[in-house]
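Before I ask anything, let me first share the structure, which is written out below as structure tokens.
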């Protein structure tokens, strides 16, 4: 547990360096195969340039803080993490960015970002060739997290790759471990940027 | 005091790395709740890639160097800091950038940069939803600091978020502590850039 | 050998920092004048932000893992490395990027990227003046590595500088040692970017 | 001497990080008030990501290696440094970049880049207000260094700020010490970039 926390905290600080999480924004979580009903999620309000292993807290599958963490506020978007773990039981790590190219794509594409023919598409689990087209869904942003969790449940079949965009907000991506979640987010962000630059 | 100086110096070098303060440009300050009439401000002419805790000096609320610092020149824009602390008595830290997107926005927008619908708007204290529109005022640049301090006083009611732009110059942002001032500046700069990229 | 591995691993992590190899993508190799039939190539599936000297494996000139590495998967594109070493017997190091400007150039130029008049062209071995025009060939991307090796053999005479682009994929570059391969890749990528920015 | 070499080597590696000197490109020099006829200049062919204090060599005012350095090749552009020190006897340090925005500006502006109204113009020695217009001359690139030295001599009166551009090549800047030369180069590069972005 402590090792995953350190590794994920390293990734969080590196993503802040890339400009994906200005100030205190974005949130991250993981759980373990041994204890899948407990989610370690980033606390609210931590400056991501300074995020450390000590800045995670534990919540249950409904987003409620475990007794040891009572009174500490988890990230406002914890319910999104809970819903994704429920929809995809094999997934053990969720990462998030406020990358500008994700935001820009969401302002030009109403329902999805279509990505076609790029070698880097193979970064998404299960994709073996660049000769394919992927749709990354774009959902409207909201502050109503229970409502957004319902959207995810309703639109689950559109999540054909492990990533989606919230409009004018950013990208969520996930995987069976930190390594895979990281690969999926970096794949998505790379594709959003190169696709933006060729189209705009 | 020494700890805040070290933390702010770390932030200053990190902002230089982002390209927000070429060479010796930009300036920064803080004060403490215990002693709000003494301002620690960056000295003039220090290369921001090398800025250290020793490069602050103390001035009074009129911008005059305290006796221990006599003969040392504070930043040319110290009066802007003095006026902001006077207008906003709860504020304890002021940061500044010469970011290119701030300059670019100021060359396309006469009176204010309008920002609407972005999740990251919540980085500004008091904003709880992306469903809002913010106006960051743009003031003409000047070398006449007393005159500019008067502009700030006169236009105070336009400072609805803790940031403004000086035209072809850069952004000022502030907060109740370094953590909050940093959050406000990073929020503003992120929004200026993404908004520039969608509009231009 | 161990020293070259460490040096190349340092370069790989630095290139990841530049955004040239999202997540686990891209691959790298070297061989030595003393033992030119053994190629040290990056293993498949290693996150390039964490790549270390231990992440190389050895293959023969047909791309088959040496006995000590049996059961470990080399990079999927190992055959490209084998073919380049065969076509250019003096070359001892091959580097690769998924840089965005390489991808963008390949989407606007069918057969080659033409670069003319830039001082940095002198970074390509043998070029002594900016008053020259270089064609960097663009080949279609494929997952069929034996077929692509045939393309390289057939199109060898178009490789007038030590670099080519695979469409929507990235750049390969090579040299007589790591120092030269690195110089050739950085030269190509710099030129692709500046030429993109002046033309688009 | 050793301290200046270390400081300038640090700057050279930092500029490489910014993308201003792909691979082995660009060159740098300094001299001292005590011994102004000896120039310490970067050796030819050193990878700028690895440049160290040991990679300087000494030449005389005609660009000839001092006896201790016989047989070692100075940078190909050493004559430019010699001529600038001759034209501006107070100058003690010269820095150079291949920045993309310098190259881009030189491809759109035949004779000079005009910069007007930017606060950062004050980074050039002697400029006290943003209310000014500066012309940074653009000279055609050449491999004929004696001919280029003549151009500099002939066009000296156009060097009203301590910087010029060689077309499709990059920027030279200088100052009375490393601190000032660095300030002038960073000032020029910042202005070339922001001015490019507003105009293109």
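Details
So that you can tell them apart, the chains are marked A, B, C and D in the order they are listed, and the count of residues begins at 1 in each.
Quick note on the criterion: contacts are C-beta pairs under 8 Å (C-beta built on N, C-alpha and C of every residue); 3 or more make two chains touch, one makes a residue touch a chain.
Quantities reported herein were computed from a predicted structural model and do not represent experimental measurements.
Chains that touch both subunit C and subunit D: there are none.
Rotation angle relating subunit A to subunit B: 90°, from a CA superposition, given to the nearest 5. Although subunit B and subunit D share one sequence, what matters here is the overlap of their interface residues, and that overlap falls short of half of the numbers used. Averaging C-alpha coordinates per chain and comparing to subunit B, the farthest chain turns out to be C.
Mean C-alpha position of subunit B lies 32 Å from that of subunit D. We define each chain's centre as the mean of its Cα atoms; on that basis subunit B and subunit C are separated by 45 Å. Across the assembly, subunit C contributes no residue in contact with two or more other chains.
Chain pairs recorded as touching, per the definition above, are A-B, A-C, B-D, C-D. Note for the complex: subunit D touches subunit C at residues 19, 22-25, 47, 49, 98, 100, 103-104, 107, 141, 143, 166, 168-170. Residues 14, 117-120, 122-123, 128-131, 179, 182-183, 186-187, 189-190, 193-194, 197-198 of subunit A are the ones touching subunit C in the complex.
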